[in-house]
Structure formats: structure tokens, C-alpha cells
Amino acid sequence: MPDTTLASEKLTYGEAVRAALRRCLTELPETLFYGEDVAKPGGVFGVTRGLHRDFGDRVFDTPISESAILGSAVGAAMLGRRPIVEIMWIDFAMVAFDQIINQLANVRYVSQGLLHAPVVIRTQQGSAPGACAQHSQSLEALFLHVPGVRVCLPWTAQDAYDLLVTAVHSDDPVVVIENRTLYNAGKQEVVLAGPVQRMGEIRVRRAGTDVTAVTWGAITAKVLEAAELLAGEGISVEVVETPWLNPFPTDEVAARVSATGRLAVVHEANVTGGFGAEVVVRMAEAGVALRSPALRIGLPDSRVPAAPSLVAGLMPDAPRIAESLRKLVHS
Amino acid sequence: MAMRELTDLHQVWRMRAFEEKVRELRLAEEVVGSVHLGIGQEAIAVGAAGLIGSDDAVFATYRGHSWALACGVPPENLFGEVLGRTCGINGGRGGSAYLTAPRYRFFGENSIVGAGAPIAVGAALAGRYDHSNRVVLTVFGDGAMNQGAVHEAMNFAAAMLLPVVFLCENNSWSELTPISDMVGDDRLYRRAAAYGLPGERIDGNDPDVVRTHLASAFERARTGGGPTLLEAMTARLVGHYIGDAEQYRRPGELEEARRHEPVTKLTEQARRNGAADADIEQAELVAREEMESAAAEALRSEHADPATAKDHLYA
Amino acid sequence: MPDTTLASEKLTYGEAVRAALRRCLTELPETLFYGEDVAKPGGVFGVTRGLHRDFGDRVFDTPISESAILGSAVGAAMLGRRPIVEIMWIDFAMVAFDQIINQLANVRYVSQGLLHAPVVIRTQQGSAPGACAQHSQSLEALFLHVPGVRVCLPWTAQDAYDLLVTAVHSDDPVVVIENRTLYNAGKQEVVLAGPVQRMGEIRVRRAGTDVTAVTWGAITAKVLEAAELLAGEGISVEVVETPWLNPFPTDEVAARVSATGRLAVVHEANVTGGFGAEVVVRMAEAGVALRSPALRIGLPDSRVPAAPSLVAGLMPDAPRIAESLRKLVHS
Amino acid sequence: MAMRELTDLHQVWRMRAFEEKVRELRLAEEVVGSVHLGIGQEAIAVGAAGLIGSDDAVFATYRGHSWALACGVPPENLFGEVLGRTCGINGGRGGSAYLTAPRYRFFGENSIVGAGAPIAVGAALAGRYDHSNRVVLTVFGDGAMNQGAVHEAMNFAAAMLLPVVFLCENNSWSELTPISDMVGDDRLYRRAAAYGLPGERIDGNDPDVVRTHLASAFERARTGGGPTLLEAMTARLVGHYIGDAEQYRRPGELEEARRHEPVTKLTEQARRNGAADADIEQAELVAREEMESAAAEALRSEHADPATAKDHLYA
């Protein structure tokens, strides 16, 4: 809930990210921000413009060397810095995944807490029209199987701001997965100076009584569209966005799902091995009784083609999500 | 009669006309998504084209339209791919940045910086066993030289003396960042010595210079002499992608680059060596006509069929 | 079912792997086998001894360059070879994960089947006494979220042989995840010249009626031990090993689970985001009715410490598995 | 009076005695799992020890016991770690191959080949902002030079002129495979030039030679001159891990290596410069006694408490 006593500004999602970076660079002198093209050019999406000018050599450009970017962040964090690094596309993290899974995630644990690694990895993911198979994946599930690393996916401009601020203030490594289709998608009112929020809060984006749709990331918009479509038919869909997946707010989500008795998890990632499975199982483990088996909606286990017409054949859109929810409610 | 210059000029124009048409289609939103043009860099692909034998293999980057053309991929299928049509060389699955045409020895673009180099090394390795005498050409940018995979590929090929030609297209920019800021020594060809390989920096705007040096590298590879690193100096006259505002350019940079770019250079050379104005004009006109009609043909093809989107995942 | 008309030999798991490699190198001239220390030294575990001597330059050692190993396998496969490459520890695949997720997995799809990439990645994983956090992970879930790549984990010597033979004959990329604690753990009768088997078969390792435990990899032994413990108490545990996880035999497993009405999935990997979640959800999606909520047993979301006493505090062992199953049956 | 040689010899003996004791404990199955000894390579760590300032940082590999000792980590806590005891420097979480002791400037071992190099670069980067004038020493093997991460680390440090000393312990083997078969040119120090860095090959069996060359590299780093690559030639006199059958050794290789190993070398030097036999013997005896009692102390510590195994995952 935004605190209405605080000043707010109309910002795009991208501007909200920049505002969060600016705030963190200002209030935490140990922060650094670096990555490919982020400093002088201001980022390939223009998100980080002006930061190098204002924060000097605490904001800098790097070679195209993801292992060096991530590895140096681990090392700088061990020695007291609080590095925020950008990996331009989540797909590129795969060239240096070792530095996350074998290095970053172990620092605190292996040193018994003597060292910590407050690294924030800012990246973005997802499908966008015409992007190729190597620039289209939704890979949050890979990071969510790595104990020691927090993961969140902001969808609103407010969350783009809040989650990043929380991530940077955290003493744990956090992967913040943004979405490039949102950076310039219109301005929203964003409260800027609020207190650092705790991780793991849920966002009930729409109230509803027949089914709870749990979702995260850019696809939240399509779920809301689907809910709107179904409202016209008298089906009441509750839309719960969980921008934090680690920590995942199991209890809060379970309470919502229990109330409607039906669950659908919607993500852009592939279904098999996606975090949707985890959510479904956690609800069962939490003892949530469902009126019909939970539904998973996501990319149907495929690579992502470039042609928009082909992507349309794969990616869940509002009508398809609505259709699945309708079936679920009527089953 | 400047035949060589005219032929090269025509080939450069084919690539440029192709990409200018792609840009037009992109701006008209017939093409969607990120497109990387190599306008200004065509001389490298033109210089290489004639050297690529029937068993050879080429691996390029997302900036690879010219390389696909150099390998002989029909322009209508390339347009089709960029447009996401059924006639696309990959039926729209690859798109501008990840196209493949193995029938034409074009083993594809790659949109992960540096990732194509080890794959190319594997293609060369295959040649050890299939009696093909294959040479593999792998092309990447200056920025890719800082990627671990490229290092591993060069060392692996050097250790095994594999027939690979590593060709670095140094356009001085990695996206929006100058290579000179991202290395301790920007004479990238000198890295060859680290692996015990021959390395050379050459003019990448002159197809004939490229041809001569690449020919030696191909010959060395073909005859068991192992890999070579060539650094072809060039300039991209356009943005990193269509839409790039290019605010990072240094004052006068593009003006200077245009004085040395392949069309300018080849036109002057042709003229100097006695080519007629009409022939010089033809080199461009024929290319533009070819690309206009190829594009038109591609636009007549259907958008890729969504019902096929799940095909070909497994054997 | 081993065909009893075929000759069999007493082999260790490691010897069975070697026999499979030998067979594939013999019957498929387009195979290559390479990796770090695999040729002249015969592998760090001695598994591949003698292959270089017998198959010459089709078996060779490589630099410590996982990106080059995996990338070159992709390229060699595109050009008609059938490379089998070893990644010594699955943890090391993380330094070159791009070559699997962004490269290998896309070859067939993006080329519309014009190219294929019959690469086999042989690797091994898991916890072993004293191994450090960077040499102890069970990472199958990461590979199982990558459409286009098959994944299996042999546990018996017979499967170490059969699965590898199947993998090499497949025209799809296959990741074969072995386990180093098994290589020298005693000899078993192995049928050697059988026909290439199809992927995805299940192994019912023990019949039972009260609960179905689905498991894979080296932990299968502990599940069987637990079942034995419980048998003494009158609890009848069915143990279904699924050495293939992609393709996963959903229907066959569902049939078994339906029969007992209770499901536990046991793996060595971390619970959150593990493939256990996928199995549980698939059973629900298949309409399997359970008498009590499914149980997941695995590493409780932790890094892996080196000290055996610490590992003992984390890793499911037979008594702990038995305890969980007992609770499940009595719930 | 050969004081320098005697001190160095004693330090070498401390490391050797430590590792010989670890081997004994491993063979007695008090220690379990894979253990990598650096017996024969100690002169490098001994040469470095005195140069490491209080704000500096050291990053090693799984073969890092000597480096931990060089940084001043108490041997009983190292034994404890290797033994998985509560008194272990990481309470048993790291083990022999992944220990860390930041209080002693030892930022740890790393069991992923090459992965420590970029992390070390980050430690150097941190020094830009904390006014520490920190120099970071990162140590890795010859085989690690072929890993992408090491390449990226060197280039990154070179481009940013960071105070890192890259120290390659070339023992000519990568596990069971000779480095000379795995590269096109086995003079690894020559790779420095690729990044525009100074590079040198030195005798890694003589602490004083190591000291001299490392001192220059530290000085260069400390005064803004950026990184250096040093290739210290040495030999591991034991297997890659305890239990390695070492079938890959060339005939006569170990005999030859033993003639040049640090104990032999320093003993000769000390003798030549007038050290008394008794002092030479003391150098060893005192070290052995120290390590025996440290091991005994560690063995008295409890096995790490399973109930704590889940602690310290998150803040």
C-alpha cells in the first residue's frame, strides 16, 4: 500500500528503476553500479541515463564479460562494497551462471556468515515481438532452485522502484528480473521516498471469489485482461501477483487460494520445471483444499521462435488464459 | 577494365541494398523486433565470399545478413526470415538475429556474444573425421574478444591445430561503448600470439585486401597449419540496431568513416582503374532491383503458421 | 527387463559406462568422445580407461574449457558427428551453461529440423563424503527446465549401460547424469548387447501397496533401505525409479501412484524448484487421487557443507526417509 | 649466516609438514574426501607471504593450504577445517578445497577452476572506493589459463588498471594432463601481452626469486600501474589428489623435480651460505612439532554440529 503522505511522481517503469538506483547510490555510499553500456551510454534501454554523470566512477561500463562482471561483484561485495550489476538479458547470465550458483550463493554459508555478498543483479527477461530464441526466455526457475539467492520480478512501476530499493538494502544476493517491454510502457504514479519494504509481500491486483490466479512479471497484465473478460461472463477471478518468489509468501498465498478454492498459476516461463509447479505443490503442502486440480499456464515447453505469428501460437494470451480459467471454474 | 572492383562493388551493393530494404521494412513495421545492420562493414563478407568452399562452414553473429548473402542464401528467403514468413530460411523461427542456412554452408548467426566461436571450432573438429578438408570461418566483433568463450575457442583450436579462421570485425564499438575503453591494448590481433597463432590487422573496408589475407589464412588452415586470427578494421555507418540514437558517436566520426567505407572506396578504385560511370551505376541498380523484387516476393509469403510453432523440438 | 538370452557380465557401474562407450564408439563411427582427462589418463575416476588406446583420435583430452568442450560438441554435431562429451562434475557445467540452454537446445528447433545436435553430455553429480559446496550439487532440475534437451540419471550398472547407449543413439541432445559414488560400488550382472532401449521406461524396484515412492539417482538405494525398514513395521512401500526425467513417463507413474493412493518423491536435489514438484503436480494433473497430500523429500534448500557431520544434518538418509513415509502413511 | 634461507626453509617446512600431516590423516580416514596437496610448490607461497599487507587480499584454488598458512591462518583451525571440526576456520563448511579466512586476508580457495580470478578482480575494484590501497593476489594453475573466466578477469583488470597480481603456479599438469598438450604455446606468461600487461616467467621453487618478482608486481599494482601476470614454474611432487596413482608421470620426471624442489634448493643454499646443520634440522623439526600439536588440538575439537547445518544461508 503506497503511503499517501509521501510525495509521488508520474514515472515509467524504466524511470522508476532509475529513481531507485539514484536513491540507493545516494543513500548507500558503498553501492556501485556497473554493467555493459550502463554508464556513459545510459543503458541499451536508456534506463540508467544520467547516473554516471551524477555518481562518477561509482557507475561504469564494462567489457562484454559476464563472468568478470558477476565475479567482480562477488569479490567487491566480500570486501565491503554493495555492487549492483546489470546483466542485459537474463539469457546472458547463462554464460556465467557459475558465478551465481557456485560462487555468490556460497559466500555467506561457507564462511559461517563472516562474509556476506550483498550483490544485486539487475536483469530483464521475457518475450518481446521479433526477439530471437536467445533473447526471449523466462528463466526465473533456474535461480529459484539456488538456495542463498533471493529473486523478485517487479511488474508495476511502483514495484520496479520498491523491489530494487529493498534488494539493494538487503545483505543477501538478490536477482531483480525486470521486463524490457515495460520500461517505456506509460507513466504511473510512483511513491518515491517510502521506507525500505520487506521482501515477500503479495499484491492482490484484483479481488475475486471463483478462482485465484497467482502470477508474476509482465504476464500479470494478461491475467488481469483475462479476469476482465471473464467478469463479463460472471466469473470472478482473484489476481494475486507475487513479485517476490524467494522468499515466497506461501502462507499469504495459501490464505487467498483457500478462500476461492481454486488455483491457477500463470507465468511466461516454460511449464515443465517452472516455478508454477512449486507454487501448486506448496499450496497442497499447506493443506489448501481445492475444488478442482490446480492449473498451470505457461509456455508449453518450447523454444521461442522469432516470428510474432509463431509466438502467438505458443505464448498464453488473455483469451487463452481466460479459456483455461473458464474451464477450471466449470470443471 | 576494373572488373574486380565492379564485381566487388556490386556485391557490396547487394548487401547494402538488402539491409537498406530491411531498414525500410523495419521502419514500416513490417519487420518487428531488434535488427542489427552491418552497413559499412560489407567488404569483409565480400572479400570472404569466393574463398568459402563447398565443404566449408561459416558462423556469424546477429549482424550476419551480409554473411548469409556471401554464402549464397537467396535474398527472398532472408527477407522472409526477417519478416517472419513461411518462405523464411528458418520459417521465421530464427529471425534477423539467429538465422541458419546449413545448405548454403551458413551455420548461422548467434545472438549470444562470442558463443559462435566454440561452435565453429567443433565444425572444424568434425572435419578431422569426415575427410572434407573443411575450413571453418567464424566471425565476431571486437567486443566479443572479451568474452570467455572466444578465448577458450582460440586456445582449443590452437592446441588441436584445427582449421579455423577467426575473423574479428573491429568496428570500434561494442554496442554503445568504444572497444578502446574496454581493453588494455586495443590491437586485438595481438592476442593471437597468446595462443601461439598468427594474427594480423587488416583493412576491412577493402574486399581485395580482405580476400588476400583471408586466402592465406584459409590456405594455412587447409594445409594443416591451424588457426589464424584476423582483425579487420571497419566501421558501422549505422546504429547498433535500427532505432539506436547513436548519441555516443564522436564528432566527425561518421563523416570520417564515410570517406573510407567500401562503396566509396570501391567506386573510387573502379573509376581510377577505368570503369565507366554507367557500369558503376549498374552495380548499384541491379543490386537494388534484385533486393526489391526479393523483398516483394517475401512479402507475398504467408506469416509463419502458428499451428506449426511446436514442431521440431525433438527428433 | 533384461533379455536372458543375451550374454551378461559382472561389471561395476563405472565399467558399465565404459562398456557402453565402447559399444557406441564401435557401432557408430560418427561418435567422438572427449573431455578433461578422459583419454590418455582414462578419466579422473578411471571410468574411460583404454578407450583412447582402442579408438585413437576419436577419444581425446581437452583443455579446461567447458565452453569450448560443449560448444565444439554443438558444432561437431551440426556437421554430422555424434559427440559424447564429459563434464567432470555437473557443477562445472555452470561455467558454460549457455552452450546448453542457448545453443544446443535451439539447434533443431530454429533450423526447422534441418540441423540436429545429437550430443551426449556425460556428467556426474551429488553429494559424497567431504566434497565441498562446489562439488556436491544435484542440478538435474536446471536441465529439466530446458525444452529440447533430454535428461536421465542411471542408478544401476545395467542402466549406466543402457541409458548411455540409448542416449548416444538418440538424435536429440541428452544429458546423462551419473553419480561418482556408484562407479566402484561393487559388481552387478549387466546384459551388454541388448537392443537400444526406448527412453522413458520406469523401474519398479520394489512392489508395495501403501505408498509409491518415486525417485531417481543414487538416493534410490536409501529409499529402498527405508522401504525395507518399514516393511518390518508392516508398511508396504512401492519404489518406482524413473531414470528418465525427460521424457518423463507421466502415465506409467500415474498408474502406479493411483494404485497405492499415496505419493512421495525423493531426490537428492534441493526441494524448492526441484523436479519433485513437477512430479507431484503431474500426478495431480493426471487426475491421480491421493489419500493424503504428496510428500517431497530432498535437500532442505541449503548449500552443501564439506564436513560429513554437517551433511548428515541435511541430506535425507534411510531412517529419515522412513520416518517421513511412515508419517505419510499414517496421516 | 644464511638467515633468509633458514627462515624460508622453515616456512616451506611448515607448509610441507602441514600437508604431510593432512595426508597422514587422510590415509587414516580421519579426513574424508578429496584433498589436493601442494607439496613441492611451497616456495611460491613462502615468497609471497611477506608482501601481503594488512589490507591486501589473497584468492587461491583448492590447492590452497599453503596460501592459507602464508596469510597467517592458524594451523589448528586449518586442520580443524580439513577434519570437519567445530574449530575449523569455517566450522567444517568449506573443507580442504573451499576454505576461507577473511580475517587473515585469505579470501579463500575456490574449487571451480578459474573462478577465483574475477572475484579477485572485484576485491581490487573495491579498493578503488575504500582508500585501502589494496593489492589483490590471485593464484591459479597452468590449466586455469584456458578457462574463460581467467581471460575475462585479466582483460577486465587490464582495462580498468586494477591492482591485481595474477600468479600462475605452473606445475606442468592440469590434473592428469600435461599443459603442453593443451595449448598452442606453453609459455603462458606471454598471454599477458594480449591484455597489454607485463608478464614474466620465474623460478617458482626459489622463495627469494618469487619474492623479488612479486615485490615489483605488488609495487606496480600499489602505485597505479595495474595488473601483472607472473608464471611461477614449479612441480607438484605428489598426486593431483591424495590417492592419485600418478600413472601419467613421465619416466624420471619426479626424480628430476626433486632435485629442484624448494626444500632441496633452500637446504643447499643455506648450507652454501654457511648455515649450521643443526639450524637446518631445526627448520624442519620446529615445523613438524608445530603441526603435530596443531593437528592434535584440532582432533580434540568436536565434529561440526549437524544441528547448525542450516545456519547462515540468508542474512
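The letters A, B, C and D name the chains in turn, as written, and every chain counts its residues from 1.
The definition used in the following text is that a contact is a pair of C-beta atoms (placed from the backbone, for glycine too) under 8 Å apart; a residue touches a chain by one contact, two chains touch by 3 or more.
Computed from a prediction, not measured in an experiment: that's the story for all the values here.
Least step count on the touch graph, chain A to chain D: 1.
The chains touching chain B as well as chain C are A, D.
The geometric centre of chain A is 36 Å away from that of chain B, both derived from CA atoms. Centroids built from CA atoms put chain D at 45 Å from chain B. With each centre defined as the average position of its C-alpha atoms, the distance from chain A to chain C rounds to 31 Å. Listed for chain A are residues 62-63, 65-67, 91-92, 95-96, 98, 102, 106, 109-110, 133-134, 147-148, 301-303, 305, each touching two or more other chains. The set of chain D residues touching two or more other chains comprises 91, 93-94, 98, 110, 112, 115, 146-149, 152, 155-156, 159, 181-183, 313. Taken as a contact graph, the chains are fully connected, with every chain touching every other chain.
Taken together, the chain D residues at the contact with chain A in this complex read 57, 59, 90-91, 93-94, 98, 100, 102-103, 107-108, 110, 112, 115, 117-130, 134, 136, 148-149, 152-153, 155-156, 159-160, 311-315.
Of all the residues in chain D, the ones that touch chain B in their complex are 146-149, 151-152, 155-156, 158-159, 161, 181-185, 190-191, 193-197, 226.
Those residues of chain A lying in contact with chain C across their complex are 67, 91-92, 94-98, 101-102, 105-106, 109-110, 133-134, 137, 139, 141-142, 144-145, 147-148, 246, 269-270, 272-278, 280-281, 284-285, 287, 293-294, 296, 301-303, 305. The touching residues of chain C, when paired with chain D in their complex, are 36-37, 40-41, 44, 61-68, 91-92, 94-96, 128-135, 300-303, 305-314. The touching residues of chain C, when paired with chain B in their complex, are 30, 32, 57-58, 60, 62-63, 65-68, 70-81, 83, 96, 98-99, 102-103, 106, 108-116, 147-148, 150, 170-172.
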